[in-house]
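Quick notes on the structure that follows.
Letters are used for the chains, namely A, B and C, taken in the order the chains are written, and counting of residues starts over at 1 for each.
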Amino acid sequence: MNFTLRVWRQPNSRTPGRLESYPARNIDPNMSFLEMLDVVNEQLTLENREPIAFDHDCREGICGMCSLVIDGEAHGPEERVTSCQIYMRSFKDGATITVEPFRSKAFPILKDLIVDRSALDRIIQSGGFISVNTGQAPDANALPIGKDLAEQAFDVAHCIGCGACVAACKNASAMLFVSAKVTHLGLLPQGQPERDRRVRAMVSTMDAEHFGNCTNQYECEAVCPKGISAANIARLNRDYALASLKGMFTKKSESAGGG
Amino acid sequence: MFKQFVASSLGRKYLMALTGTILFSFMVVHMLGNFQVLLGPEQINTYAHMLQSKKPLLWSFRLFLGLMALTHITVGIWLWLDNRRARPDHYRQERTQQAGLASRTMIYSGALILAFFVYHILHFTLRWLNPEFAGFTGRIPGVEEPVADVYRMMNQGFFDAGVSLTYIVAVALLAWHLSHGIPSLFQSLGLRNDAVSRFLDRFGWAVAFLLFLGLSIIPAALFAAVRGAIYLR
Amino acid sequence: MTQLDAKIPSGPLAQKWDRHRAAIKLVSPTNKRKFEILVVGSGLAGASAAATLAEQGYSVKCFCFQDSPRRAHSIAAQGGINAAKNYQNDGDSIYRLFYDTIKGGDFRSREANVYRLAQVSVNIIDHCVAQGVPFAREYGGLLANRSFGGAQVSRTFYARGATGQQLLLGAYQALSRQIGLKQVQMIPRADMLELVLVDGQAKGIVVRDSVTGKISSHSGDAVVLATGGYGNVFNLSTYARGSNATAIWRAYKKGALFANPCFTQIHPTCIPVSGDYQSKLTLMSESLRNDGRCWVPKKAGDKRAADAIPEEERDYYLERLYPSYGNLAPRDISSRAAKRVCDEGRGVGPSGLGVYLDFSDALKRLGEATIRERYGNLFDIYHEITGENAYQAPMRIYPAIHYTMGGLWVDYNLMSNVPGLFVVGEANFSDHGANRLGASALMQGLADGYFVLPYTIGHYLAGSKKVKPSVESAEFRQAESETEARIARLLGIRGKRTVSDIHKQLGKILWENCGMARNRQGLQDALQKIPALREEFWGGVTVPGEGKDLNQSLEKALRVADFLELGELLCRDALAREESCGCHLREEYQTPEGECKRNDEEYAYAAAWQYAGETSAPVLCKEPLIYEELPMATRSYK
């Protein structure tokens, strides 16, 4: 198969980028999209041109590092997969394929298709955890948790933090990401003591990191490689409102940051 | 804490949803009230007079609604600006997966509805566009002095095909706006889950459509009735 | 030759750890924050160690090459984590987990370490549950378990098929909490390129910021390496593309001993290589072999489609060779059998490196619905990757590298022979001997990070009076300039071959000569070829771009340069170990049935290699493995 790639090239975060065209020739339909990029990069290297920079690591859809917008869709044309799990047989021979980075003010472009997603880490750092030091835990079976609850918690805990939700949202909102963690820890009994301060801290960090707002269009759940439902955002809204309401009627404690 | 809530992204979603719900509820009441024009002059003029005679209540109600509309508009624009800033550089190729057109054009449908609202106030409330409406008076049982003849005003107002059409297009836009707004408010208020999400989407469309039917039936019917009467005469 | 002292505490096996903990020195709370610890790597071992040390009050700096600590490759572990909880009331105990692990490792691991691992395994589950890890549960709300290979009890805790992810996110969240509290300074997108010794003690590292290309030094009172395994030396593996050996290799070249490098585990059921372009191999759960039958055509070079080959022309080789175990033969056995039939030219698929895993009998017997219920998600993954429908045509599978038991040598305290250099998780050699059991990697990573290192490091720190050296000191300056020079040299070659091309060739040499089956001739060949390839690399590789920039080609070149040296050590170790044990099958030393033939008389030791300079061969130091508790038995699962 042969393709024409239009790839976003940008030397660094300060210099403006643009789309450049590259041919991709003799591509095996069973190549993954990233392997196709590897082939193009090998060619560029041999021509003494700079290869296309893109993030990737596990190449099996779990690490969340790969982050391409392929033909306008975060993680490409297939459902419930990451960019590394897209195979070239999904494209028509001879097609022109546009490859862009995840675009968001919160994700500055570092180079070509690589963006800085540390804003997501900072959201977790502000409250996306249960405060328990090593060695403090009671016996694991001391606290029974219903099977259904555990399964629901897993569904949201499965988030890989890739940021495709932000990339796909027309407002570059991170609410699906935040709601996944708030729901995961909020569902479990272990997460209850910090539930209110967690949601308030995480939302406040999210806002400070310049993510947009949710306008309830659910593009995020359509591209989520782990199929996390946007209904979790409703839960986030509810948790946040209740936590704020409680906050209004209780004596002020210290700030919620850092746990 | 309250200030922090209101300024937060989620707090503003709540404000949009709550003010939207109030404005929507007003539209339902407004529609039901105005249905009385279909029952004849006495009915609607009595209703109008009843409202006009309770000035303090009327004005506090208007003030409240105005505040709600203002909040809805201000916060809406605020969010819209925020959201534009969150993605300063657009995708060179963009493809939408599942967001409907209504949801992607809320700010525009909202702006047009606002423009229509201004026109509507100038038309029927302040009557600057048709100053002659102010002179329309009639009588209703139990009231000594003449009262405003809303029935005639509406008949006269919708006599013009252009005006009627403008009203119908405007309520269509409002319904369009609400087709996203209604299911959306459940999400924003945290009242949606996977079990009800499809139902809410359909419910939103259904309510929006009913509102469109209800609100457009008044100009359509009055236009048809008056024109028809002339034609028959 | 360095004399190795494993510092195993005296006393009965079951009391060693408790006694040791009671005896080792402590650092007072007020002194803890004065110590700075550098943790390199943020997988299960690194993140759990960094978080726990920070909770204890130490100042911690944590480094990872990925953009976030949450991406470390521990995340890809699927199956589960072992723990001797005996929640199933099936006779499990710490002793039994200890015994299974020693036996699984073919008696090439250290008794005391393994016993401690089994002891703390129970604490891991408690802690992870408290962190909110959503383990699978029964309807009654208690934790569920599954069975895994090499054990007769159900002791594996799991979270669907993403146990590694959930455990890593637990550790990541604990780490994030400490970052938020400013107790840990996290430095992502940083490649550790050098270890810095001051007066013979590990006191710092040199890293390259992969965004700006800036080389910088970080000094600390101790260095913890948690940088994972080195399986990517084979190029194709189930490892993440970025997984590399640079940190441990640099430590090796600074004097840390590298133990048992040839102990590399191969998983029998992976999706085979489909072409030269392939970058990554994907694991398919071993459970598929419960209902699938492995076969290849009887005739070499038979290129007919699977369904065109009649029953009598098929060779169900596992059933033929191992009638009692059949398709459920142990990992190493079935891996080697698959290799053998492919070497005979009977492999299937375009590359000829694959065997069929056929479900047609099971589909006939049980119906598609049952098969879908049991293996649906695996059939989906297979379809996603290959585009083939395994309900209609047999799957094709082939073994692949997926774990390395070898690593830097450490003593009982997880400290290498370099004072102040600690090594945890897959990066060390300690617990799995010559073969790791399923669901034990997660256990070891977290045991080291949560429950062992945080105690033992205090013993070293309490005894070290040295003040943390300045990064302006000569040792750091020199390490930086050596690193800069190495980078400049790589960028200056501008030859004709790409880094990936050479890496592929290295992988091929290793896979063919030091893969599933090894022999003297092959290893000697490899020991000729690898130095030649290394020369070709340094003479003819091309690395585009600049050093002071985000340059993925340069990152890769630095890693492959180290793999080219490590590959040689791998073969050297395999050649020196003239016996077969666990994963290490020397064709000269096998039973007639192709099983491993151990030589406990001469090889019951950990082979720890000491770097001796560019021009001399490394020196082999032996740590004898003394079995006080268990008799060394022939490993058999028959």
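The rule is short, and it goes like this: contacts are C-beta pairs under 8 Å (C-beta built on N, C-alpha and C of every residue); 3 or more make two chains touch, one makes a residue touch a chain.
The shown structure was predicted, so the numbers you read here are calculated from the model rather than taken from an experiment.
*Asks:* Weigh A-C against A-B on C-beta contact pairs and write down the one with more.
*Replies:* Answer by contact count: A-C.
*Asks:* Which chain, with its centre taken as the mean C-alpha position, is closest to the global C-alpha centre?
*Replies:* A
*Asks:* Suppose chain centres are the mean of their C-alpha atoms. Which chain sits farthest from subunit A?
*Replies:* B
*Asks:* When the C-alpha atoms of subunit B and subunit C are each averaged to a single point, how far apart are the two points in Å?
*Replies:* Between these chains, centre-to-centre, one finds 65 Å.
*Asks:* Centroid of subunit A to centroid of subunit C, CA atoms only: how many Å?
*Replies:* A distance of 27 Å separates the two centres.
*Asks:* Distance from the CA centroid of subunit A to that of subunit B, rounded to the nearest Å?
*Replies:* Computed from C-alpha means, the inter-chain centre distance equals 38 Å.
*Asks:* Two or more other chains touching the same residue: where does that happen in subunit B?
*Replies:* Counting only residues that touch two or more other chains, subunit B contributes none.
*Asks:* Send over the residues of subunit C in touch with two or more other chains.
*Replies:* Residues: none.
*Asks:* Per the contact definition, I'd like the list of subunit A residues that touch subunit B in the complex.
*Replies:* Residues 6, 8, 19, 69, 71-73, 98, 100, 103-106, 168, 170-173, 175, 203-204, 206-207, 210-219, 222-223, 229-231, 233-241, 244, 247-248, 252.
*Asks:* Using the touch definition from the top, list the residues of subunit A that touch subunit C in their complex.
*Replies:* Contact set of subunit A toward subunit C: 11-12, 28-32, 34-35, 38-39, 42, 44-46, 48-51, 53, 55-60, 62-65, 81, 85, 87, 89, 110-111, 114, 116-118, 120-121, 124-141, 143-147, 150-151, 153-154, 157-158, 160-161, 184-185, 188, 190-191, 257-259.
*Asks:* Which residues of subunit B touch subunit A once you look at their complex with the stated criterion?
*Replies:* Against subunit A, subunit B makes touches at 1-2, 4-5, 8-14, 79, 82-83, 85-100, 103-104, 106, 180, 183-184, 186-194, 197.
*Asks:* In their shared complex, at which residues does subunit C touch subunit A?
*Replies:* Residues of subunit C touching subunit A: 48, 51-52, 55, 66-73, 75-76, 85, 87, 123, 125-143, 159-160, 162, 165-166, 169, 172-174, 176-177, 179-182, 186, 188, 211, 238, 240-242, 274-275, 277-280, 282, 384-387, 450-451, 454, 494, 496, 498, 500-501, 542, 544-545, 549-550, 552-553.
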